[in-house]
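The data blocks that follow each hold one structure.
Consider the two complexes below, in which subunit A is the common component and subunit B and subunit C are the respective partners.
Let's turn to the complex of A and B:
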């Protein structure tokens, strides 16, 4: 890898100021960055580690089951957190799909999201959790909803110097599920990812959220499909309609992994499956 | 019970501790003082004329010590492209610098002006007249034109009669086959037995299909690496990660005009080979050239990405196959036309197309095979080169026939298998091979005869045959004063071969396995040894080791005869000591005592020599059964059961043999289900393990291996080479299981989810 300057700031303000310089990269878990540096696809002049800044890691649950996940929380902790498993199952399942256990013990949820891959494994789960993203910089703090964070593949609304500090999941979800379409059982990238979350009143779906990964330039919500589900009870016809609506919502590409048509078809199939399972879990 | 005490037993590998602790020295662990870092400069286009190569900016970069191009290659043998590149990543130059980053930067600073040319990556496109000619525009005839032209030539030679009318008619016949003028052909291979047209005419069922098998990489864990050091006297030392140090030595000698005696190749512990680690050009020659130019040791090490663009993977191919059989299950005829993707140079294993014959009695067989140039790197061997591809086509089609005639796939195969004494098409007769025993063993072990399948579940069976190679080798055995035995040879340990050699020698000298140690020499010190590929090592070096141990054994008896004052005929070596057979009370002398005694004799120390080159090998069969479940919604296939049997002749180290069976089967599974080098408009587009998927242990259940032992007459203790056969049937095993599960036949590998979903859709689901 190219030589670079390495910084270990101890405050967010310091990190943010360093991060405003050109050719600087943040180091969280390093599982994307270091590989890129070794392959010379990433050649930062400055690497700013976030590891010495206190308060960025950890999962906290408040009295109303609202959960805050620090950006530096390891994917493995998200996967194994009992609160997340219970209240945001889709997110725990997504975290469990990242790489291998060794990778998940290094990789952070903040890195997974800030990298802005449309195929990130935690993103669909965060979408259906209605996650709010806390962002800090030397100039102050702001919060954006997860669906407003991304602007394109590898692109976010983050301005120079802005650093993701936490994800806030405002309330518990009754039932949710994530399915990743892949070839290999583990250590594969998502051909597509689908998460569904529902709240129920007896047999009626009172709220539904569907998050789609790797089917558009950014992760998206399938709003039409969600609206079809809301206020209705589950049936094969309803599932089929929701699947079709979700498929219509995406704008996938054809690439070396599979065709756009296959992605669209899998959104249909997996939306039906995730919704059905989410309802079963609620 | 076995009459043996060491062979036939599972023992820990001789290299177990160094592998487990990380002490083993791989190529990248070699770091002589003052070592420079070499980097190959690679083409950024898959097909282009080179207008200029400007190294001036790179030369000025501090830390750059040498830049070489084809002008530096004395023999003129193509190491670097000069006027034209034929594939993305083809080397154009190499740099040596004081660290890897500078080498990388220097490589980027070398300015190359290209004139981009049209690219052809698909074999079926490459044979057409519209394809760019990679090596000119010469053509070859396809099978029908070839036959007709042969007849025309024959008639033209007959001067006695006038055949002009017949010749005109034949020339008109040629016009019927305008598409059979093939471009970009690198090699061809043809064979014929009987009359296939007659065979098809007599068949009740004829099935015809086209099978497409992708190019796959051997994906050994350790990328190619070479460290070369040329000293001031001109002596060149090369630490090479290779399957064949002696082949590397002669390759360097031939390419660079260095006498053999001035080259020492030291084989480093190999991080996997699978047939892909024989090439001399890839890293070894550039490393030597750079070291000669700088006077410093130089390491050239490929990245994984470089492995994919400039490794020498297994060729993909397209096989058009036709089979005819009778209603009662006799195969009458088979015809294959194969196009192998040879890449930019010839060398694809097109001769393996004949393996569509399988181990069956097929009276009429015709095989036409062509190697085709495309804008890809050249290819090399990969575990039974060419066989998995041909057998995929052959065994897939057998199941289609079995289904049409309503016969059980295992019974259909059993009834058509060749038997001992049957004529072999190539001449001679079939030796005793456990074809039926092996298939029956896997069927019994898998529970084939009372198999059950739930919804979307299916069972598949296939068999594959392969015969181990053979080559020259030499082994020395010494017995020391403490009774220990030392072995010295020059063959690279691959998959536990040093362990097998040690077991054989321990067996003959009747010492415990742990008393034997083995040392591999370099090409300066060790006797010549064939490369460790083609399943040769246990067969060749096992025989060689046996000869060496028997030679030592003879010397031991001579010494004992002197020492015990009795005729050699009265002596027996047993449990590490020589015993006088008839003595009462018993009388004996240990190996250690004899070794100590030998040091003061005229005849000298106990040294056995074994030297061996060639004996006829015996075919081996691998038979496999898979049970799968296919998700029709997503097209994903899950393996529920995978059972693999193999006729290994004799298992010298059963656990090592099981390891080979499991490893080969998993590689075959991977080729069937996920591995595939993909090519876009400008070369390989999945040069890494993100999008070139190799399976993990989570993808498969434990492979159940079943060892079948029908001894090979010339193998050590009856052993056959075991490394290659197990990959040969798995591609078809998987495709046959998927067909059984969901009723669709996938003829184009890998069986990715999308293909399954699409096939189901096309099938009306």
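Let's turn to the complex of A and C:
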């Protein structure tokens, strides 16, 4: 690893000012950055640790079951949070899919998202939770919906000096589910990640959200598939239509893990499975 | 680059060190403090050989900068035995023969200890899944799991 200057600011404003310099990197859990630095794919001259800034970690639930997750919250805490397990099951399931327990004790949800991998395990769950991303800089604060955060693989709308501070999940979801398509049970990257969330009125799906990871340059919502589900009750025909629509929404690549064709077919299959399970849980 | 003054508590002993920011916690433990029980395997977080406990949580120490561990309590394999008595997990690994070359063993024992502290009432399947971040290239895992189940049983019945 190359040498670098290490900073541990205690306020967001200070961290943001440091982060505007060139060749500076933020350090959250370190599970992506430190590996990148060892491989010389990341060669920052300044590393700015966020761990001494108060208020960035933790999970808070408000009276309406809205949940705020601090950006520095460990993946392991997201996975084990009873409120997230109950109200945003897909997100808890996604967090539990990251690496190993040792890695989840280090990795943060903010880092998982800011790294902007299209295959990030928490992103599909955040998409179907309608998460709002709180961003701070020395110049002020703003909020961006999670689906508007990403612009390409490893790329986001974050400007120099901007730091993700929290994810706000505005309301509870009746039922949701995440499936990671992978080879190894743990310590694997997603070939595909699919999350579905539904709200129900008796047998009628009143709202549906489908999040897809690792099948396009950025994580995406399958809006047409969602619209097909809304206002209807579950049937094999409806599931088949939704699966097809989700597959049509993605633009996967072929890589060493699997082909684009396989990814597209599996989006169809996994959309049906996640929607069915989300409805069963609602 | 400037070295940083860092105080670490390792197995109850405080160490005041001057360390370069690019040194991982693993390198600090092994090279600076001289505790070589913690092993460097892959150095990318995949194999779990470098597992140590930081503030009660098992972490891969190859992915932690030593400077960010300042002020924290760290437990390594050298700190598990107390008053000359091995920890139940250590004893179980010896009694079941849960190792061959032994390189992955400190990581497995530390990871298992953290899991047992959290909840010793896991099923074998749950332990197998929870230890998925530790790789052994010799044993095929059967005796490792036997050791963990034996230690879990002992901890449950003596708690």
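Everything below uses one rule, namely that the second predicted complex is superposed on the first by the 282 of 282 C-alpha atoms of A that agree within 3 Å, B and C clash if a C-alpha of one lies under 4 Å from a C-alpha of the other, contacts with A are read in each partner's own complex, and residues count from 1 in each chain.
The rule we apply is simple: contacts are C-beta pairs under 8 Å (C-beta built on N, C-alpha and C of every residue); 3 or more make two chains touch, one makes a residue touch a chain.
Remember, predicted model here, so these are calculated numbers, not experimental data.
Novice: Quick check for you: in the superposed arrangement, does A:2 touch first (subunit B), second (subunit C), both or neither?
Specialist: Both: A:2 reaches subunit B and subunit C.
Novice: If we overlay the two complexes on their shared chain A, which of subunit B and subunit C does A:273 touch? Say first, second, both or neither.
Specialist: A:273: touches subunit B, not subunit C.
Novice: Contact-wise, after the overlay, does A:186 reach subunit B, subunit C, both or neither (first, second, both, neither)?
Specialist: Both partners, subunit B and subunit C.
Novice: Classify the contacts of A:256 with the two partner chains as first (subunit B alone), second (subunit C alone), both, or neither.
Specialist: First partner only, subunit B.
Novice: Go through the superposed model and pick first if A:40 touches only subunit B, second if only subunit C, both, or neither.
Specialist: first
Novice: Quick check on the output: what are the common subunit A residues between the subunit B footprint and the subunit C footprint?
Specialist: Touching subunit B and subunit C on subunit A: residues 1-3, 184-187.
Novice: Which residues, counting only subunit B, touch subunit A once they are in their complex?
Specialist: Spelled out, the residues of subunit B in touch with subunit A are 101, 104, 303, 305, 633-634, 636, 673-674, 678, 680, 685-686, 690-691, 693, 695-696, 698-699, 752-754, 757-758.
Novice: Would you pull the subunit C residues touching subunit A in the complex into a rising list?
Specialist: For subunit C paired with subunit A, touching residues are 1-2, 4, 20-22, 24, 43-46, 48, 51, 57-60, 62-65, 67-68, 111, 114-115, 129-130, 132-134.
Novice: Taking the touch rule as given, give the residues of subunit A at its contact with subunit B in the complex, in rising order.
Specialist: 1-3, 39-40, 181, 183-189, 191, 256-259, 262, 265-266, 269-270, 273
Novice: Using the touch definition up top, name the residues of subunit A that touch subunit C in the complex.
Specialist: 1-6, 8, 27, 30-31, 34-35, 37-38, 47, 49, 51, 76, 99-103, 105-106, 184-187
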